[in-house]
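Structures incoming, each one as C-alpha cells.
Shared between the two complexes below is chain A, which pairs with chain B and chain C, respectively.
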Partner chain A sequence: MAKITIDGKQLEVDNKLTIIQVALEHGIAIPHFCWHPRLSVAGNCRICLVEVEKFPKLVIACATQVTDGMVVKTNSPKVVNAREAVMEFLLINHPLDCPICDEAGECKLQDYAYKFSEGVSRFDFEKVRKPKRVELGPNVMLDVERCIMCSRCVRFCDEIAKKPQLVFIQRADHVELTTFPGENLDHPYSMNTIDLCPVGALTSRDFRFKARVWEMSSTDTVCPGCARGCNMKMWVRNNEVLRLTPRYNPEVNDYWMCDYGRLNTFKYVNAENRIKAPLIRKEGVLANQTDSGLVEVGWDEAIAKVASELKSFDEDEIAGLCSAFATNEDNYLFVKLMNMLGVKNIAFLQHLIEGDEDDILIRADKTPNNRGVREVGLTSSINGSGWEIILRRIDEGTIKALYVIDDDPGADPRVAETLARLDFFVVHASNENDTTKLADVVLSSSTYAEKHGTFTNFQGRVQRIRPAVTTAEQDRALDGFAMSRLDKFGAHNDRWMQGPKCDARPTWRILTCVANALGAKWKHNTVEDVFNEIAATTESFKGMSYMKLGLRGMLLKTKVEVVAAPIHA
Partner chain B sequence: MEKLILPDIPHLRHIDVYEMRGGYQALKKALGMKPDDVIEEVKKSNLRGRGGACFPTGLKWSFMPKQTTKPKYLCANGDESEPGTFKDRAIFEFNPHLFIEGAIIAAYAMGVKTIYTYVRGEYAKWITLLQKAVDDAYAKNYLGENILGSSFSIELYSHKGAGAYICGEESALMNSLEGDRGYPRVKPPFPAQNGLWGCPTTINNIETLANVPIIINKGWEWYSQIGAPKHPGTLLYGISGHVNKPGIYELPTGVLLTDLIYKYAGGVLGNKKIKAVIPGGSSTMWLRGDEIDGVKMDAESLKAAGTAIGTGGVIVMDEDTDILKILTRITHFYHHESCGQCTPCREGCGWMEKILNRFLEGEGTMEDVDLLLDVANNIEGNTICALGDAAAWPVQSFIKKFRDEFERRAKKTPSMKKPVKPPHLVTLEV
Partner chain C sequence: MLSEQNLKKLEELKKRYPTTKALLLPVLWMAQEQFGWISLDTMKYVADLLNLPFHHVYGVVTFYTMFNSKPIGKYHIQVCTNVSCMLRGAENIRDHICRRLNVGINETTPDRTFTVTEVECLGSCGTAPMVQVNNDEYYDNLNLEKVNKLLEDWSKK
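What follows is the complex of A and B.
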C-alpha cells in the first residue's frame, strides 16, 4: 500500500497501480487517448501528463507507478499548459471534419478539444495529406488523416484478438496505419477497433453515415448471437436498429464483442420479411411462390383459433417445442402452458456449430438461452433428443398438433416433410421462414429487440434484455424505453418519430393470452411478474429480481457445469 | 598525450598486429578477476558513456540483476547517425578489436552470454571490416565456447540497421533487433530490468566499450587521471564544418574548444571568423562564435556553458554561413527522423520545420519566432525519448543566441496572414 495525494485528496492505494488507475478509481478524471485498461501501456499520446512533486519533468499518469508519499497534481498550470499543447499538436494536421465524421458526438478528440483546448490554432500551414477511405478489411474503414496514432487498434489486434494484422508505416507526421503486406483486418473481432479508436479514423462499413450518434437512443441489452451473451448497446433511430456496440461486463465479455454478433443479430429486426400481424392459413391453401396462403387477422381471432384447435386434441396428440432463442420467461410460460394441457412431448433444438468457437468469446452454441431452457422447464427428463421422438410420432400419426415458439425447425427439409403431416401447427415467429410456410397459425412475436426478458448464458449468468424498438402496442414514452434526443424533443409529426412498427407481441404475452383463452387465470401483466414467479418457484433463480440483475446479471444458484473464468483473467 | 583508442599503429585492425601490441591481454586479465571486481574497476575509473548521455558506465553495469534465470544481453550501439558524428566508424576501421575486447570484458563482468552489435546500415564498408575482425576473434577463441580455456562462453552477432536515426536510441534499438518497428519504449522499466525480449540488457556505445580494455590493463587510478576528473579519458572528437582539417582527433577530455579548432583542426577555412559552433553533435545547444573562448570539452564544462558534450562531434560555422538555413536543415533532419510515436515530437518537429522554411522564403515574422520557441518548449521534456529534446534544443538555443538572424530576415510589413505555399525541403551545398 502507498499513501499518496492527488489534487489535495489523500488516498491509500495499492502501490502496484499507476497514477491513472488510482485516479480513475477515485473519481479523478485524467484525460487519455492511448491508455486503455485492457491494453498494454503505450504512453504515446501524452495527454495524461501530470505533475509529481520532486520530479523534474511532467510524467505520464498511465505509465507512472504510485509510490508512498507521492504528491500528484493533475491540474496545475504546468499540466494545463502541457495538455493544451498536446491538443494543439494533435489538431494541427487533423482534418477537423467533425461535421461529416461518424465519430462526432462520441469522439474523445472532440470532447477533449472542448474541455482542454484553447479553441484556436496557431498553425496556418497546409496540413499533411494522407489516404482517405481505406478499406482495412471487410468491416472496417480507415481515414488515415483522422488517426492520432494512439496504437490502440494495433495493440488490440496483437494482444486481445491475437491477430497481428495492423501496423504503422512511415515516420513523424507521415506515419500511417495500415495492414501488414498481404493482410486484411479480417479477424472475428476486428470491429472492436472501431469502438477503441478514440477518433473517427476507424469506422464501421456497415454503419457509416447512417446516423449522428445523438439522434439515436441506446439501450442496454444482450447479444443473442451465441451462448456467451455479450453485453451490448443497441442503437436505434426512427424505430430502426442501426448498430450494436459492446457494453462492459468484466464477467462476460469485458469490453468486446465479436463481429458476427455485432453485424448479424439485428438486421432481422427491421427486415422486410417481418411478420407484421397474426396470420391464419386460408382453408387448404399451401404456401407457393406468390402466395403464403396466410391472411392477416386480429389477435383475438388468432388466439381463439389456437385455443379451440388445441382443445380438440388429446394431450398425447400434442407436442411443444421450446426455444433457446426465446427468453427464460417465454420458455417458462410455454412449459407451464404445456403442463396445463397435460402435454408431455416437449423438446427444444440445439444450434451448435462445432468448431466455430474460440477461447476469447465465441461459443459453438449459437443460441443465447440454451442453459435457460433447461433450467426453467426442460430439466433432465427431456432434452434435445426428445425432438427425434416427437418427429417419429408425427410420422406415425400419433402426434397431430405441434406448438412451436420462436424457432425454425422447418429449415431442415427432412423435418419440413414431417411437419407437413400435422393436423394443426401453430408457431410464434418474428420473421417469415421455412416453418411459417407450413403453419396453420402464425402468431407474430416480438424479437429480442422489442421486449424485456432474461437469457441465461453458458456460464449460468442470468442477464436482462430490454426493448429498444417499439411494436404497435408499445409506446416509447410509456414503456420505459431508453430515449434519444429526438424521442424526447421530436414532435409526433416529426420525421424522426416515424418508422415501421409491427403488430407483434412478446411470446410470454401471447402465451398468457392463449392460456387464458383456454380457461386459465394467469395474471402476468408484465414480464417482470413472470420472472418473479420463476424466482419464487425455481431453486436456481431464488432471490433474483430484475432490479438485482441490473446491468451485469447474476449467476444461477446451481453448480455450474461450465465454470468459466472472467475472460480477462 | 598518447592516443589510447586510435594509436598510430599501422594495420592495427589485423588481429595479429593487435595481439602483438598487447591486444586481448586485458581480456585475459579480466577473466582472472571476479566479474564484480571488473565492474568495480570500471566504476572507479569514472568512465562515462560516449553515446551522448554521459551516463557512468560501471554504475549502468551494476544495474544488471545478478540472480536471474533469464538470459542477459549486451547491445553495442554503433548506429552512429547523429549529424556531426563519425567516431565509432573510425574504431571499426582502425581498431575494431579494441571494441570487441571491451565488449567481451563487459559481457563477462555482467554475466552476459550474447552481444549484439547494432551498426548503422549506411556503414556497409565498416560492417564488413567489423565482421572480419569478429570472425578472426572467433577463430582465435576470443569469442565462442569456453573462451581461452575458461568456463566463459560468449557469442557476438553483428546487426545492420536500416537507415533510421531513431534506432540509435537504446530502446528503439532493442525493438529493431527484435524485428519490430524502431519505436522507443516508455521508461521505466529500464533495459536492465526489461530489455531485449524482456530480458536484462545493457546498451553501450562502441567508443565506451573500447575504453574498457585500457582501464583493465592500466588500472582505474591511471585512467581516472586523464583529462577532466569527473569525465576522464580521451575522446574521439569529430570536427566538421568550416575548418581546414576536419576529422577525428583523439584528445583528453577537457581540451579547449578553441585548441581543437585552431591547434588540431588547422583553424577556420580562409581564416574567417567563427559565427557559431555546435559542440557535441546536432542535438546539442549552439554556441556563438564569441562564446567559445575558454570553453573546455568535457561534460561539466559544457553544461556550465549551457550546452553538452553529446557525442563530441564539433560543427564549426564561419561568419559567412547562413546559419538559419543550417538550423532549418537540422530541424528537417529531426522531423524526418522522428519515429512518429508520441504526439509532441511527431507533430511539433514538422511544424518547426514549416515555420523555419517560411523564414527562408522571407515570409516569416517575429511572431513566428515566438511561436517557434513555444512549439520547441512544448516538445521539450514531454516526449517518450530524447529525440524530442534533441529537436527542441538547437531551436531554443538558436533563438536565444541568434534572435538577430530572425530579425534581419523577418518580413518588414507585419503579418497579414496569407495563404502559404507548402514548405519545401532545404538542400544544402556544404
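What follows is the complex of A and C.
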C-alpha cells in the first residue's frame, strides 16, 4: 500500500497501480487517448501528463506507478500548459471535418479540444494529406488523416483478439495505420476497434452517415446473438435501431462484443417482414404465392380464437414449444399456461452451431436463454417428451394442436411437412418466417428490443433487457424509455418523430390474455410481476428482483448444471 | 532465402540478442545486403524466420528510411542536403547529378545502375558537401568536376 495525495485528496492505494488507475478509481478525471484499462500501456499520446512533486519533469499518469508519499497535481498551471501544447500538436494535422464526421459528439479529441485547448491554431501551413475512405475490412472504414496514432486498435488486435492485423508504417507525421498488403481487418471482433478509436479514424461501415450520435437514444440491454449475453447499448432514432455498441460488464463481456452480434441482432427489428398486427387464417381467403392467406385482425378476436380452439382439444392432443429466444418471463408463463391446460408435451429447440465458438466471447449456442428455459420451465414441468416425440405424434395424428412461441421450427423443411398436418397451429412471431406461413393464428410478438425481461446466460447470470423501440401501445415518454434530445424536445410533426410502430405485444402479455380468456385469473400487469412470481416460486431465482439485477445481472442460486430433457433441434 | 553464410551469421547473432524482436534489425540489414532491397516476400520470409507477425516487420521496414522497400540501382547515391552541405552547394550537386543521369529524386536509371536519393545529415559537415554511395562509401569535399569524374568511373565499371 502507498499513501499518496492527488489534487489535495489523500488516498491509500495499492502500489502496483499507476497514477491514472488510482485517479479514475477515485473520481479524478485525467484525460487520456491511448490508455485503456484492458490494453497494455503505450504512453504515446502524452495528454495524461501530470505534475508530481520532486520530479524534475511532468510524467505521464498512465505509465507512472504510485509510490509512497507521492504528491500529484492534475491541474496545476504547468499541467494545463502541457496539455494545451499536446492538443496543439495533435490538432496540427487533424482535419477540421467534425461537421461530417461520425465520431462527432462522442469524440475524445473533440471533447478535449473544448476542455483543454486554446481553440486557436498557430499552424498556417498545409496539413499533411493521407488516404481517406480506406476499406480496412468488411466492417471497418479508415480515414488516416483523422488518426492520432494512439495505437489502441493495433494493441486490441494483438492482445485481445489475438489476430495481429493492424500496423503503423512510416514515421513522424507520415505515420499511417494499415494492414499488411493484401490482408484485411476481418477477425470476428474487428468492430471493437471502432469503439476504441478515440477519434473518427475508424468508423463502422454499417452505421456510417446514418445519424449524429446525439440524435439517438441509447438503452442498456443484452445481445441475444448467443448464450454469452454480451451487455450492450441499443441506439435508436425514429423508432429504428441504428447500431449496437458494447457496454462494460466485467463478469460477462468486459468492454467488447463480437461483430456478428453487433451487426445481426437488430436488423430484424427494423425489417420489412415484421408482423405488424395479429393474423388469422380465415375461410374463403385462399393462400397463394404472394399472400399466405392470413388476415390482420384485432387482438380481442385473435385471442378469443386461440382460446376457443385450445378448448376444443383434449390435453393430450395439444403440444407446446417454448423458446430459448424468448425471455425467462415468457417461458415461465408459457409453461404455466400449458400446465393449466394439462398439456404434457412441451419442448424447446436448441440452436447450436458446432465449432462456431472461441475462448473470447462467442458461444456455439446461438440462443440467449437456453439456460433460462430449463431453469424456469422445462425441468419442473416436462415428463420427458421431446420435440422428436411431439413431431412423431403429429405425424401419427395423436397431437392435433401446437402452440409455438418465438421460434421457427418450420425452417426445417422436414418439420414443415409435419406441421402442415396440424388441425390448429398458433404461433407467436415477430417476423414472417417459414413457420408463420403454416400457422392458423399468428400473434404478433415484440422483439427483444421492444420489451422488458430477463435472459439467463450460459454462466447462469440473469440479465435484464430493456425496450428501446416502441410498439403501438407504448409511448417513449410515458413508458419510461431512454430518450434522446430529439425525443425530449421534438414535436410530433417533426422529422424523425414518426417512425412506424408495430401492433405487437410481448409474449408474456399475450399469454396472460390467452390464459384469462380461458378462464384463469392471472394478474400480471407488468413483466416485473411475472419476474417476482418466478423469484417467489423458483429456488434458483430466490431473492432476485429487477432492482437488484440492475445493470450487471445476478448469478442463479444453483450452480449445478440442470440435466435437460431429451431435446433435439 | 538468406545465403548459407548469412544463416550461419544469424545463428551467431541469436546468441547476442535476448529476443527475436531485437534480432529483427540486423537480420533485415543482412537481407538488404544480400538482395539490395527488401521486398514484401522478403519481409514475409524474415517474419517466418524470426517468428514475428508480418505486420511488425512491415512497420519496422517502413519506419527506417535506410531500408529500401523498392528495388534500387547498383550505385545508390545519397546526397546530403542538410545545413552544412546546403551552404556549400549541395543543392547544385543534387540537381547536377539528376540532370546528368536524367532521373528525379528517389528514381532509378532504366539500366538499374544509379538511384538518387536526398538524405539528412550524415555527419560529414567538416568536409561538406558530400554524398554517400551504397552503405558506407563517403565522397566529400565535392564540386561539379569531382562529381562528373565519379559518375564516369561508375558508368564504366
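Structural remarks
One rule holds for everything that comes next: the second predicted complex is superposed on the first by the 548 of 569 C-alpha atoms of A that agree within 3 Å, B and C clash if a C-alpha of one lies under 4 Å from a C-alpha of the other, contacts with A are read in each partner's own complex, and residues count from 1 in each chain.
Just so we're on the same page, contacts are C-beta pairs under 8 Å (C-beta built on N, C-alpha and C of every residue); 3 or more make two chains touch, one makes a residue touch a chain.
Quantities reported herein were computed from a predicted structural model and do not represent experimental measurements.
After superposition onto chain A, the partners chain B and chain C occupy overlapping space and clash.
Shared-chain residue A:C226: touches no atom of chain B or chain C. Of the two partners chain B and chain C, more chain A residues are in touch with B. By the touch criterion stated above, A:C258 is placed in contact with neither chain B nor chain C.
Of the two partner chains, chain C is the only one that A:Q165 touches; chain B does not reach it. In the superposition on chain A, A:L58 contacts chain B only, with no contact to chain C.
When the shared chain is aligned, no partner comes close enough to touch A:A482: not chain B, not chain C. Residues 167-168, 170-171 of chain A are contacted both by chain B in one complex and by chain C in the other.
For chain B in complex with chain A, the touching residues are 164, 166, 181, 186, 188, 335-351, 354, 371, 374, 378, 381-384, 417, 420, 422-423.
Chain A contributes residues 158, 164-171, 179-181, 183 to its touches with chain C in the complex. Listing the residues of chain A that touch chain B in their complex gives 41-47, 49, 57-58, 60, 63, 82, 85-86, 88-90, 92-93, 122-126, 128, 148-149, 151, 167-168, 170-175.
Every residue of chain C that touches chain A in the complex is listed here, in rising order: 40, 53-56, 58-59, 62-63.
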